[in-house]
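Both complexes shown next keep chain A, but they swap its partner, so chain B is in the first and chain C is in the second.
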Partner chain A sequence: MPVKWVLYWQPNQGSTVSTQILNEAAQCAESISGVKEGRWKATLNYYKPLLRDQSSTHHPDSLPRDFLGISLPDHPAKYYFIIRSQRIVVEADASIQIIMEKLQSYKSKVSLHFDGFQYHLGDFRLRVGRVVPVHSESIRGIVMEVEYLPISSMEKARKVMEEFVEIWHEALSKRSLSGKFVNVELNFGEFGLADNYTPQHTGVQYAIVMAHMIATVQPAVRG
Partner chain B sequence: MQSLQQSQAANNQSEPDAPPKQVAQAMERLNQAARVIADIRLGADRILEAMFVASNPRHNDVPLQLFLREDASMRQHLQDLRSIGKKLEESGVLTASLRSRSNSWGLHMPLVCPDGAVVAYAWKRQLAGQAGASAVDRTRLALKAFTDQKRRFFPHIDDGHKMEPGSKKRRASHSLLEHGGEELVECKTLPDIQSRLEKLVPNVKVSTYGRLSWLKRASSLPESGSDDDPSEASKPIFQSSSKMRSGLQSEEVVDKVAVIELSFPSVFRAVVSLNPAGSVDPDAVAFFSLDEGGSYLHARGFSVHHVYKHITEHAATALQYFLGFGSGTALYSLLLWICSFESLFSKPCSKCGKLLAMDKKSALILPPLHRAYQELPLAVNLSVCEAYHAGCSPDDS
Partner chain C sequence: MVLFHLLVSTEILFFCRLITVSVCCAEGFVRSEEDNSMECVVQGIIETQHVEALEILPQGLCGVQRERLRVHELTLKSLPNLGVVPSEVRLLCDLDQPEPTWTVKHVGGSMRGAGADQISVMVRTMIQSKVSKNALRMFYSLGYKLDHELLKVGFAFHFQRNAHISVSVSSVSKMPKIHAIDETVPVTPGMQIVNVTASATPENYGLCTCRNRLNPWELCRQLLRLLHLLCRMEVVLHCKKFEAKS
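What follows is the complex of A and B.
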């Protein structure tokens, strides 16, 4: 599977995210000879445990609060669970969501959509998208996926990806936007993941990106 | 009455000929195809002559008439070739579709591989071998004649070589080669070349295949995970793939080495074809991603990724250069040069210092795809292979 980096938009101190940034990013992709390919969409759910028995042995606070599940557009038949604090990532069949609903053990407390446009730049594939809570139009953030199709080794692709992000930053800086796209360095080994890229790597990146976004990005007052 | 005739005609078409007749027909058609190809070559020569004559200011009609005549005859030849090709396709010669249909006669249809080489075997092997060999040879001669014509009549068209400054260097290098090329003389056989390469470049994986076993391997790629145990690869070099042929009589056919696969884990896979099989003369090379697979993975195929496609085009120029050096060093030089691409995704361009650059011609962001090859045939290691972007390369006109 080709290597992918997931970046998120970090607005400058005092600014907020808006759709305008998305449009600028789209235009920027076209300015470096990107070809628009269509839309993409992913869904992420934060789960919280439903405790029926108040006197259960598990204290509610000991259960992980960062348990999330994500469905990825390139793997529609699968669903990925991540518990970031425990460094766990699991691949399951997409039908597990039905089981979860039946079991009623964990309920989705926050549901987020990622959607936007996809671009082809030679051997690179770029996806820019906004983060919106389901049933809402207010943008919570902006993510960007960069994929380099010829390589599936994280290590081998590192320099190529770094330089591409530099080229991207340079192109974007011409548009004087108040913020920048940030890539989070993370140790995939801690999650039990190897050098060869897999959808689990994507899941973990999204989990980390969401954690950073929640910590640093103020939600927009108006979408 | 009419319907009986029609059904008879239909019957004649659908009634299968006896296998020996099928094979003989297929061989005959391949011979026809070879003759038409030779006619096309001659026609191309004549068209070039006509164009050359037309370029001289003479103001008469003769070259135009010549050109029109040759154009018409060329179109006829191409039409003939197309219809022969269609018949060959129907009889299963151009695909492997009939191979599995082994018949009780123990015969096999000749097979034209995706890269154009004809593999004919079984009891008509000798005849098939001659027809196949002559078809490939004629094509090579055609290509050589065309290239020579191009250089003679259109010298101003750049074919990737700077003729004037480079040729002086090459003449000097040639004499060096005659006097001091001891190390190169060692590498005359495939096992020598392979072991020398593996000593010089520790990370490379070299495997050799017969033409058919490569076809089989290519179609089964990519293997899930890492490809570290290709069952068809040979160790030692010359392998007998007699298990692939059913119904052979007494003699065992040794499938001569026709394909060399060079790979660097996580970087690329290169496929080199040797012609004739069993020799050390390379005639084509192509680069692919390690995640690609399918029957298009051969020395004349192209990768789906731009980066490998562009390198393959560049490699064709390098190969011509190495072949031009002569004295049988082409294969070793080519393989060594291919190894210089181990740094494809890590070594920045020697001119601009960056890894990625926007290629003006193709509007693509690419790493340095060029590796200098001019110094290579006499070099002892890969440090002479400077990396350049296509736009930064000193060869770029």
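What follows is the complex of A and C.
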């Protein structure tokens, strides 16, 4: 599977994220000869434990507060769970969601869509998309996936990915936007993941990106 | 769990015309009605000396080769206060593969009602999902603990007759020490468990000859009738839990 980096838009201090940035990023992709291929969409759910006795203090702190699940467009038959604090990532069939529903121990408290357009640029595939809560148009953030199609080794792809991101930053800087796309350096080994790229790597990146986004990005009032 | 004690004859024919069952989906995690599964289950005990005879019949009648079965089954239960109701989930590790593979399985309660009372087999919901190897660690983190674990060793036949049918015969062992699959103790020495399951999904709807197409009990009634007719055996009904805790 090709190596993929997931970046997120970090606005400058005092700025918010907006649809305009998404539009500028899309135009930037086309300006560097990106060929629009179509739309893409992913869905992420944050789960919280259901407690029979809310007043009880039985085991509340031992239960994770960062348990999330994500479905990815390239693997519609699969579902990925991540507990970031425990460095756990699990791949499962999509039917795992039905099992979790029947267990009635966890419930989705927040659902987010990632959607936008994807572009083909030579050996790269680029996806730019907004982050919006389900049933809302309020844009919560912007993400970008950069995929280098020929290589599966993260280490071998590192240099060429860095060069691409540098070219991208240069092209985007001409549009005078208040912010930049950020790539978060990750130690995939902590999650038990190897150098060969897998969808689980993507799941982990989205979990980390969301954690950073929640901590640093102010939501826009309206997209 | 209902069992019936089978004295083995040499003529066991597994022939199923299957009904589909429409299952309504709940909100939340559920994505597709097609993902919900019902299964009909027939279980019994066979003396180990008769296993060889039992093995020959499905192979001849179903035209499939037997597969080895060596599964480590872990039953996890939710911690107190976790969940709307106490819950249980099974993790199955297939040890017969070059690289062990894992499956998560949720088994629902048996169907109840007037129809269910007429038959002595089980119809229940069953959902399973393949998972990566650290699923156990994930469930521990989510507030589940190991209740008991078993090792099942034997063989199985899997075939398709408009739906997936499985026939398995296995010895069931418990582990005196946690995860000690090399130091197991048989739960029923000299006896093995026979398990016949048939799945029912919306895809094979309309293939049954039952009077009531929506009646899931007809499948089980037919299966039991065939077993009675074709096997010279005495059927004794027992009710007991045969999966002992370790």
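Note that in this section the second predicted complex is superposed on the first by the 217 of 223 C-alpha atoms of A that agree within 3 Å, B and C clash if a C-alpha of one lies under 4 Å from a C-alpha of the other, contacts with A are read in each partner's own complex, and residues count from 1 in each chain.
Methods note: contacts are C-beta pairs under 8 Å (C-beta built on N, C-alpha and C of every residue); 3 or more make two chains touch, one makes a residue touch a chain.
The structure displayed is predicted, hence computed values, not measured ones.
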item	value
Side-by-side fit of chain B and chain C on chain A, or clash	fit
Touched partner set for A:Ser138, first chain B, second chain C, both or neither	neither
First (chain B), second (chain C), both or neither touched by A:Glu155	first
Which of chain B and chain C A:Asn183 touches, first, second, both or neither	neither
Partner chain(s) touched by A:Ile88 [first = chain B, second = chain C, both, neither]	second
A:Ser62 touches, of chain B and chain C: first, second, both or neither?	second
Chain B versus chain C, judged by how many residues of chain A each one touches	C
Which superposed partner A:Thr16 touches (first chain B, second chain C, both, neither)	neither
Where chain B and chain C come nearest after superposition, their Cα distance in Å	13
Chain B/chain C common contact set on chain A	none
Of chain A, residues touching chain B in the complex	1-2, 32-33, 121-124, 149-153, 155-157, 159-160, 163-164, 167, 195-196
Residue numbers on chain C that touch chain A, as the complex places them	25-26, 28-32, 35-36, 78-85, 87, 89, 104-106, 108, 125, 127-132, 134-135, 137-138, 141-143
Residues of chain A touching chain C in the complex	49-53, 56, 58-59, 62-64, 67, 81, 83, 86, 88-108, 192, 200
List of chain B residues in touch with chain A within their complex	225, 265-267, 289-291, 305-308, 345-346, 354-356, 358, 362-367
